[in-house]
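The following pair of complexes shares a single chain, chain A, combined with chain B in the former and chain C in the latter.
Entry: the complex of A and B
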């Protein structure tokens, strides 16, 4: 028998080029340097080439009058290029939000129709989906545009209800409700009402759970809100004092010295990176103590620390104007709010204007007091809504079919009615499958609104194109487009992901 | 001798009880294939009936016809005096009196164990949540997993899931429980825990109809065993009769294959 002592193991350091740790670190650092170098080289080259070929890359046009008229939007005769692009963005957002809402509702209806046992409904659903998703969106938008353009020409008394509702080849014009003088104070009343109503709703639910008696929690909360809104309509001026609070805040903010904010920003940079590193270390901690950190972990922490220091230096040394800008804007914001909530505003919270038809030049047109939807808006709206609804319908159908049949059977065997089973069992599980592809469709819809250029609806692309045709600033405008669409898409992704995480099914 | 003494005694014992499930000449077709060929049987109140037979013999189809998960095309099914017709009210009534446990458990994966059990009492029986929850906890105690109430089905083992499914059915306080191969999807060591719960149920006096291959369970708790093949009931008898003295050749063949 051999001895009981453990065999002696001889540790030998491998040469550096075979040492896993060393190789990993070297590769990480080289990769970082190469990436930074490539970016620097590309930026440099692009800058040189643009300068050499005299392509303008400045954003001066944002504050210069572009001399253009827009077909629709919050301001059809913008003072500056920036204002014009802003109108375009609002138009795009309007189209996207309205489109997403209506396309979802329509898509759900069509998707359920395709699943129903009713032969006619099923066939209608199939025809809807197969026609609309197989014709290019641009063709559809042009088609709707052509159809609407063939409506009656606008005259001083075009119908169908003169003075209230006008439909013509200029689009639709109808009464417009809008925020008036006392709205913000009224909103405070509503906010208080909302808190109280939510409290009431929770109490009613608790009551229902305790006694089994139907207490209509949502209905009673809604009723309370209506009462509060009506009372608030008359008493809202008493909240005028909120204006004074904002005024005081405004002067308080403007008295903050720049250096203090400067230091706070720098401290925030360093502090947040330290906070991240601490959280990271905590997440790696096992009950027995700190777990062994990998090289990747060290790399991440060093990266975070360096990032924090670079951020602090950047804000403290390279961009000192930031804090004065922040102080001024915050002060301005509070001043505006102070004015909105101010004591002097005792008028009605909301107002309604009837549409009007004006004739400034040769031809009559809709005036600004009504809520107007142009033919371009209608064409793009119907185009993206129908087109996207066809895809949403398929997603809804797939999502519901993806829920195993056993779930329906289990619900049925427990005596649940079909509607209850759908609401409590099938749809919650189907939503989990549907959300990611639905998010994709919402992104597609938002980006597809750029086809508005085909029918002259003033979305961001159409306005931007007009602006760079006038000013020649192609690249800056394109960069604004890209930034705008990127922000929209990322916002949608964040919202969809939020719900995605909430719908996730817990396993293990 | 057609029918032995034990079976006769069992029939006598059940004779004065009320009929719970009555099936007369039940036919069921899938396209051209006839899955049930004139199934006729009566299950009495408080009886534990085990249905066995080779796969494809129509056992599951029959049990699924009884709460209308499948629609029978011929014959009559009457459960607790309510005839199963196209009348939605009758279907709802029968379903709320008949609990069912599936081979694949079919728990609702997005709800906790407690919510799985309270869903039907709250939305069908309109019970207050507090009452439904205390009953659910009592039922979980009864099936032996009170500590799992807040978990999700995906976090439980197969045996635990099936016991939750049994508790979920019991929460509706059914008069009849249908079991469709409740242990076929389970690992061997989990079968026992489910069978124990089912045995406890059987002794509690509830009417049970169980499709299973667990012959030990059948021998121990069944009042009668029904053997099906090719969509027909071939032989009915007490466990003693069935295991020791089967009369039909097809039954003998089946028993020789599985025992």
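Entry: the complex of A and C
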């Protein structure tokens, strides 16, 4: 580089086509333009083709009645396309959350079984893992679906425990605990309790550290939570006034003029690129002043600035509807929240309903009051749980094996009991290793729920497919899928990263 | 290697050094492994109970009188190839024979599987024998079939079962098999039970010969046991007991076995000859080419129009080969200097422009010419690496001629209509389609994945940004949505007049998806290359391309072999998703085609179970092989 060469050497720039910086950036910009051009061309082509076949690409179907029935979910007969997709999303999330919980528990058990010194348990664990992870998930789901479909029909009194648990070829039906009238007010009480309990826990820990006597921080915090929850069960109606606050917020938000938000968004774009450039310059600042910037650095800064301006122009000129959409949805959200807290609500926070069997038409079927799992749900659920559990088991086993044996021995020589050693020495270290791959498996599980389409469980992909079969709007539906799954992936990685950072070894 | 995933390291180490347990008597063994303390004893009892119930459930399911395995037996051909016509079936065998031969050759050249101690063989024999005996006892007695061929039922309507003793007598065949296996195992065990080689080299058998003899025994049994009936002939299902699967496949399978043995011997011979390097390169190339050639040339039997071949295809291929070769010969002159680069860049611009023009339909040009120009541009870009003596220059030109011959041959064959009379749109269905898609996707996604990984780790910010966003977006969405997108949307993206078959569209989508995952695996390998390697390459004056191609990538790919094999397994497993988007892979045959036949209405579970077993078989073998490989790579480092 120029800075290192002694001044006596005659130094001049090479010709333009041999200048590394120029060639590098020309090639990159050409590649970027080619990519953008190809994308633009494809989008244009798709638009033309869709217009030719009289299917304009818009999102109108979200507010039109699609006329479809869903097999399961919070609303099996949705009024609008948007509502249908929402039901699908809730179903996917439901499956993902339940699957992650159960797969983790099962996986930990199997992983520990593979590590136990009991020969039989070890073998059972090995067979479990090897079988389930070598058979494709879809094959497993279809098999479980076929098996469940061959169960007995629903009759008036069916199931192992009549009135509590029913199993048939319509699926599983069991008691359902659900959110009732006063839940949100109760949740406010719980939140306050949580803050107080956390405070108590910290104080107890400090006390224990100071005096050395056992103060049971977790136990006392938990006890306080229970007491608060019980008291809140009876006094929650006093928090009805929170509804008015949300109502006021709603009208406040809707009174924000659109142009102001529009300008704010534009300013944010420009501001963030300016912020990046400032940070970049700061990173090049040495105690002796600003370091010499290479051509590369200038290119980067120019790029950031151009990107910011393009973003601002895009939001200001090309997509002016964004701000009104944001204002409307925020105001709607606050209104819904206000309604949930509404003054008139004073019932119990939670309620339990027993399953019932109703005679609709010719055949008896599960009624809506119980918690019903269709065989589609059961097939997908067992599929993803078993499949993921096999991988989780391997992660658990590897994570625990990754803790050096010396740690166990050191804990023993300190006189820790085996359970304490596990809790305080082994598991924290194993968890640190296990978390990243576990997060990956959770992501995979979430994506794998999309195989529900094969057994007709109404997840987002299945609902989306039904919707675009009805309306022909394939591109919008696919874009909604992408948006949904990308936000799921992002949230899971954010959560896993949060724990990852907390678990990291604190180094000097 | 500095940054390896600690979990895989831990699992690997556990495999490398299994603690050599001291020899115990049976009682001692039980005490230490099953009943070391009361908690363990309880777990053992519960585990035994669970395993017992599980085994019983599986056996009762498989051997239940309600199972219709006949549906699978009748549809074996549909499961393997779907509707490939009977009269042309020899083509399938030829294709299979080619793959088997290649496998034998590669095994001969490469394999070093080592020995299988007879002691372990003895434990396998005893284990299998014991398992059979256990299964025979555990399974519930069969139902009694009356003289009218129907199940005899009790007054309550449940089927009547024979007594336990009768069941044991009925299953005497299984008993005999179990006893023979146990006896053979016990004899072997008693003679070779010491881990020390008491009797010299005979205490070990080579694994290759055990595998070969094992396969041979299975195939020989086709000549003895008339396995199930079948047939799918011209769209109708024939279920006569006379035409057995064994009868119609015993000859081809025996030929396969002989081919395997002969090619293995050829491979062994080549290995010790001086042509070993050439043989290795050759067999690798054949592996790369064979899926394309077998699918489009052998199985389709293209109807060549010799007039067209003579007037267009052959001259074009020759022209590209010779003229391109001449250009490359000139470009590798040692005094070429700057002109070489400028020519290569100009060629690249021209080749890319041809593709753009094709999309907009500006001027017509044969697709083959476009591909050839692009390849020529790439070869010209590589040319500076071959500047030097005549041998090096000849290497490049000969390589170019070979690539041209192959590309033009395949392109001609693919574009020629098939003569095979098909029952449906699907060219090949069933397991054939599954394997084909898996192999093609792995082959095609590899270069793309490596490119993406290089892009993601490159110093060029825009390339990095583009590849990172591509990889993360693709990895964030499920495969099924990508496949649906491609099968539904690709026709919309193409300009007028261009068409892509559904299989091709799906293959494209699957390849693009798989490449993103592969890129992440390769990136792991790239990150393990130390900075010193880059600096050393720079210090001896290698260009960036040479540094990447000869120094960085070989090391990075070696490090990421285990992850790459894992990617192969998951690619293979995910081919099952083809069934959802409407291609007739063998899962779809089991899940939709068989249950729709009038004789086997709704018979689903049997077929799916067979599909699961086939998937398990392939994946288990690959994953065991990968563990072996991993262990070998790991041992090499120590």
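As a convention for this text, the second predicted complex is superposed on the first by the 408 of 508 C-alpha atoms of A that agree within 3 Å, B and C clash if a C-alpha of one lies under 4 Å from a C-alpha of the other, contacts with A are read in each partner's own complex, and residues count from 1 in each chain.
Heads up, the rule we're going with is that a residue touches a chain if its C-beta (ideal position, glycine included) is under 8 Å from a C-beta of that chain, and two chains touch if they have at least 3 such contacts.
A quick note: this is a predicted structure, and the numbers were derived from the prediction, not measured.
*Asks:* Quick check for you: in the superposed arrangement, does A:417 touch first (chain B), second (chain C), both or neither?
*Replies:* first
*Asks:* After lining up the shared chain so the two structures overlap, which partner does A:74 touch, if you call chain B first and chain C second: first, second, both or neither?
*Replies:* Once the two structures are laid over each other on A, A:74 reaches no partner at all.
*Asks:* Taking the superposition as given, does A:117 touch the first partner, chain B, the second, chain C, both, or neither?
*Replies:* second
*Asks:* Which partner does A:302 reach: the first (chain B), the second (chain C), both, or neither?
*Replies:* In the superposed model, A:302 contacts neither chain B nor chain C.
*Asks:* Once the structures are superposed on A, label A:394 by its partner contacts, choosing first (chain B), second (chain C), both or neither.
*Replies:* So A:394 only meets chain C here.
*Asks:* Report for A:139: first if it touches chain B alone, second if chain C alone, otherwise both or neither.
*Replies:* The second partner, chain C, only.
*Asks:* Is A:211 contacted by the first partner chain B, the second partner chain C, both or neither?
*Replies:* first
*Asks:* Does chain A have more residues touched by chain B or by chain C?
*Replies:* C
*Asks:* Looking at A:317, would you say it contacts chain B, chain C, both, or neither? Reply first, second, both or neither.
*Replies:* After superposition on chain A, A:317 lies in contact with neither partner.
*Asks:* Provide the residue numbers of chain C that touch chain A in the complex, in ascending order.
*Replies:* Those in contact with chain A are residues 5-11, 13-14, 33-34, 36, 40, 43-44, 47-48, 50-51, 352, 359, 460-463, 466, 473, 475-481, 484-485, 488-489, 491-495, 569, 573-574, 576-577, 579-580, 587, 591, 604-605, 608-609, 611-612, 615-616, 619-620, 623.
*Asks:* Residues of chain A touching chain C in their complex?
*Replies:* That would be residues 24, 27-29, 31-32, 34-35, 41-42, 45-46, 49-50, 116-121, 124, 130-131, 134-140, 142-143, 146-147, 149-150, 300, 303, 394-395, 397-399, 401-402, 433-434, 437, 447-448, 450-451, 453-454, 461, 465, 468, 474-475, 478, 481-482, 485-486, 489-490 of chain A.
*Asks:* Of all residues in chain A, which touch chain B in the complex?
*Replies:* Residue positions touching the partner: 208-212, 404, 406-407, 409-417, 420, 424-425, 428-429, 432, 503, 505-508.
*Asks:* In the complex formed with chain A, which residues of chain B make contact?
*Replies:* Residue positions touching the partner: 67-69, 92, 95-96, 98-100, 102, 104, 106-110, 119-120, 123-124, 126-131, 152, 154-155, 165, 168-169, 172.
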